[in-house]
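Lettered A, B, C and D in written order, each chain numbered from 1.
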Amino acid sequence: MIVVGPNQYGKAEVRLLRVDRAATAHAPTAHTLHDLNVTVTLSGAFNDVHLTGDNSAVLTTDAQKNTVFAFAAEHGVGQIEDFAARLAEHFVSSQQAVSRARVSIEEYGWTAVGGTGHSFARTGREIRTAAVTHDGTRSWTVSGLRDLVLLNSAGSEFRGFARDRYTTLAETTDRILATAVNARWRHAHPAPDWGKAYETARDTLIDAFARTHSYSLQQTLYAMGRAVLEEQPSVAEIRLSLPNKHHFDVDMAPFGVDSKGEVFYAQDRPYGLIEGTVQRDDVSPVADEVW
Amino acid sequence: MIVVGPNQYGKAEVRLLRVDRAATAHAPTAHTLHDLNVTVTLSGAFNDVHLTGDNSAVLTTDAQKNTVFAFAAEHGVGQIEDFAARLAEHFVSSQQAVSRARVSIEEYGWTAVGGTGHSFARTGREIRTAAVTHDGTRSWTVSGLRDLVLLNSAGSEFRGFARDRYTTLAETTDRILATAVNARWRHAHPAPDWGKAYETARDTLIDAFARTHSYSLQQTLYAMGRAVLEEQPSVAEIRLSLPNKHHFDVDMAPFGVDSKGEVFYAQDRPYGLIEGTVQRDDVSPVADEVW
Amino acid sequence: MIVVGPNQYGKAEVRLLRVDRAATAHAPTAHTLHDLNVTVTLSGAFNDVHLTGDNSAVLTTDAQKNTVFAFAAEHGVGQIEDFAARLAEHFVSSQQAVSRARVSIEEYGWTAVGGTGHSFARTGREIRTAAVTHDGTRSWTVSGLRDLVLLNSAGSEFRGFARDRYTTLAETTDRILATAVNARWRHAHPAPDWGKAYETARDTLIDAFARTHSYSLQQTLYAMGRAVLEEQPSVAEIRLSLPNKHHFDVDMAPFGVDSKGEVFYAQDRPYGLIEGTVQRDDVSPVADEVW
Amino acid sequence: MIVVGPNQYGKAEVRLLRVDRAATAHAPTAHTLHDLNVTVTLSGAFNDVHLTGDNSAVLTTDAQKNTVFAFAAEHGVGQIEDFAARLAEHFVSSQQAVSRARVSIEEYGWTAVGGTGHSFARTGREIRTAAVTHDGTRSWTVSGLRDLVLLNSAGSEFRGFARDRYTTLAETTDRILATAVNARWRHAHPAPDWGKAYETARDTLIDAFARTHSYSLQQTLYAMGRAVLEEQPSVAEIRLSLPNKHHFDVDMAPFGVDSKGEVFYAQDRPYGLIEGTVQRDDVSPVADEVW
């Protein structure tokens, strides 16, 4: 017999800008921006809509979008982990059919410019992310970042690897190591200050990347993940996905130029892709939907 | 204690073109193209490389890339399910540390033009995909497609949905229904002819989309998945991810134009996203890594 | 003294879908789609808005967008050259400050599927383009296409080229020649049937690419352009921009595989870029803004 | 008669990383990165290659690429205006057929991290650009930037605009003004310090955007351009292309939420596009190919 399997639905990529205009004693006209991309995903008792098109249990994705905007107006945004939690809890508690809601958010950074209090430039730094999953009883909070592009121009080797018939790569004791960090870390307990916890995790990742003398990108990945767990006791596990953004030393001998390892060709594709989890050994496994 | 969790690595997006030049009695100079994007992912006994940077078990991603090219030369490409299987089995059987290999492939279509036998135009149709996972004993084969953009300009309603405080959407008995189909179907048994099975599944998805009078995109999703399972007994389950590419009827009353439901604004973001599985009820669950 | 130089403004990328539902005797319920991306650009007496922010001459880009939708409703779309002309003439004739209007359009192709009369799949073929510039007296019409990806797997050489210190490329009598055609052709006179003229030009470009034994991509470019001018007397000149999508023969000797010129690596960047115009020698030069 | 019209060719998007490792007294091991995307375009006496495929005058685009890498090794990169000039002059002086060379460069910013002297993070700030055109006698230098995303959350009005039948936009005395600045400025004379001149121009653009009380984006554009010309006497003219990145105030009255102008929907398409030149009135016009 053919049946409905696991399913979910929601509104993806609600692009929302919240301007906080609250004057303070120190900055009577200084604005603050929250520039978000919000995705809502709901699951629960939705067999009927698949089987018969009965929409009576379906909260429209349009209403989900409205809710995102309304909550930003009514409650403000604040830290994206809090904003995601507020929304996820709302959908589960207010819709009988919804047994699990996941709200994932990307936040784009802005920095004040021009001294006007209302002028900003996009930082272009990495994108901060958060995802909160709520099932009516429990919540899972995953913070993260992506597009944090890092490069070491020294301190990276790659040698002693396995060799088979198809292995032609030369060993090296000095290569460029570059990656675009995609990291997500799951909190066993809420951080006391989500914003500070984020900045600390980001700085920890950068420092570990920079300070690890690398024999492989896997080793660097582990060092980065381990550093975050050591620094933040409330983080239970971290997942890292690190593309190896290859920079190949250009051989200029054919045209009589001594290249001395200073000029590299940055290749788009193909690229190595290293993915791994670093976790505490006493962590209970969680469902993959949480990530 | 902090430990290494699940991990994998490999070479992503090897862009390969294979030209088959074999002359036949019917077409002495007709070429055939296989235009692929191949990604290899390996997992197994790789704790040491994470913990100490010991690369002795690591088959380089460069060698993986070479292997993809070499196999295309030695064995040809043929159907991408077969090519992926050959590669996945090779990595597991030839590398002691590798306990599971996954090879996923995208194939881009070309059509002969100009009557020369060696001239082609990219079709621009949907992208065909395949992923084979092998663990030394068993193999899982998932075929699929993405970017199949479909639209019904009639036969789609959306009404009778749940209403809450934030619901403002008007009910409709006539809307545009458009999506970009992303579908993957898992084979319980190998198809007798992968190429024919693919074309049949594609046509079945299109026909089901077209012929289903839609009350919701969820219902259309289920109809599409069910049709594939009914038509191909060897398919155990199918996963569909369908963005609702919104086309909004432009209200022209403010400038005195009668719009009659003929002119629509195609919105990029946000969009609804409907995801679901259709499966046989006697199917054994498989690991998520297989998909 | 610092002054305002050349300037223009308008609404870019109005994504419009027009559904023609007109029943005919032969197809009582068959729909037709016009799926467009429309950009309006206006120029004229707009110094004041730059110098003082006086908007009294500024037709808002929002109104331009509305006009595009309204014209699609009132007049239909038809051929994009006609739709662009109608809009360009409107903006110049109805706005005193506007001395020149340019309307450029991309059209995405759809093909009927499923036999319902209202179901469609995106073809994914090349994108058809048109741009009409009107200055109150004269109009210039440029038709075109982009993303027409072509490949010859035989019939392409590259040798006898200039050599300098930095030249290391090997000569070849058999290479892959691939490109993504971007072509625009200017009509001295309106084509009797824009749709047919487009299809003919497209087929001519493909045929010329396929049938030219190529010694260089420049030569192929010229052959393609010349063929269009020979075939369509009303075309005054054609501009072609052809990226050389490099496919490199993979050298498998290092791992003992005989590659026989059948397996190629498709490189993303860098790429050659060949751009040229083919024109009638009696053509009067036109302003660059027209293109 | 059908003839060859204007044409050019070259290698596009050479992705080059130059690591300067020169130790100084202050930083014995501090590296500096130059991360570039270089495009070479040559034109001249190339009729024959179009007409007959005679490549004897054609410097291969592969050799052009090699030259870019070699010059980076032999001379270093330094300021991109200088690097582009060195390359452009080389191609014209060393190739008889080449009468004009244009070298355009994008530079991606990196900032030191981790205190190692060899570790970096991409800044993600705007992309710096330069293009030098050389014809054997004269050179034209254009500096610029793109993707500088700016936003004012106050100090922007839009009212008093022209109204026609299709104008429905409400006037406003308080809107979000946001754009992604694309600016190119042409130097009448070389700047004494290209790097400092760039940073100054960038800061001037930002300051002018922030400090201009805006009645229209055109007015802001002019203020930005004028500020650069006032600040840098050596700049002859500046071209600005400013998309109006619309942020629409979300109307929450339908669900009973008072929105107070704090929550906005960021729309992708369509968008206004404002383009203009600000120049000195005694500037001699230059060919469009220079830009």
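Criterion: a residue touches a chain if its C-beta (ideal position, glycine included) is under 8 Å from a C-beta of that chain, and two chains touch if they have at least 3 such contacts.
As the structure is a computational prediction, the values presented were derived from the model and not from experiment.
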Labels of chains that are neighbours to chain A and to chain B: C, D
Taking each chain's centre as the mean of its CA atoms, which one is farthest from the centre of chain B? D
Report, in whole Å, the distance between the mean C-alpha point of chain B and the mean C-alpha point of chain C. 30
Cα centroid separation, chain C vs chain D, in Å, comes to 24
How far is the middle of chain A from the middle of chain C, if each middle is the mean of its Cα atoms, in Å? 38
At least two partner chains per residue is the criterion; list those residues in chain C. 14-15, 66, 70, 166, 168, 255, 268-269
Touch list for chain C against partner chain B, complex: 14-21, 29, 31, 33, 35, 66, 69-70, 72-74, 110, 113-126, 147-155, 176, 206-207, 209-211, 247, 250, 252, 255, 257-268
Can you list the residues on chain B that touch chain D in the complex? 165-166, 168, 254-256, 268-269
Parts of chain D lying in touch with chain C, wherever the complex brings them together: 1-15, 39, 41, 46, 49-67, 70, 94-95, 97, 158-164, 166-169, 214-216, 218-219, 221-222, 226, 229-230, 237, 243-244, 269-282, 288
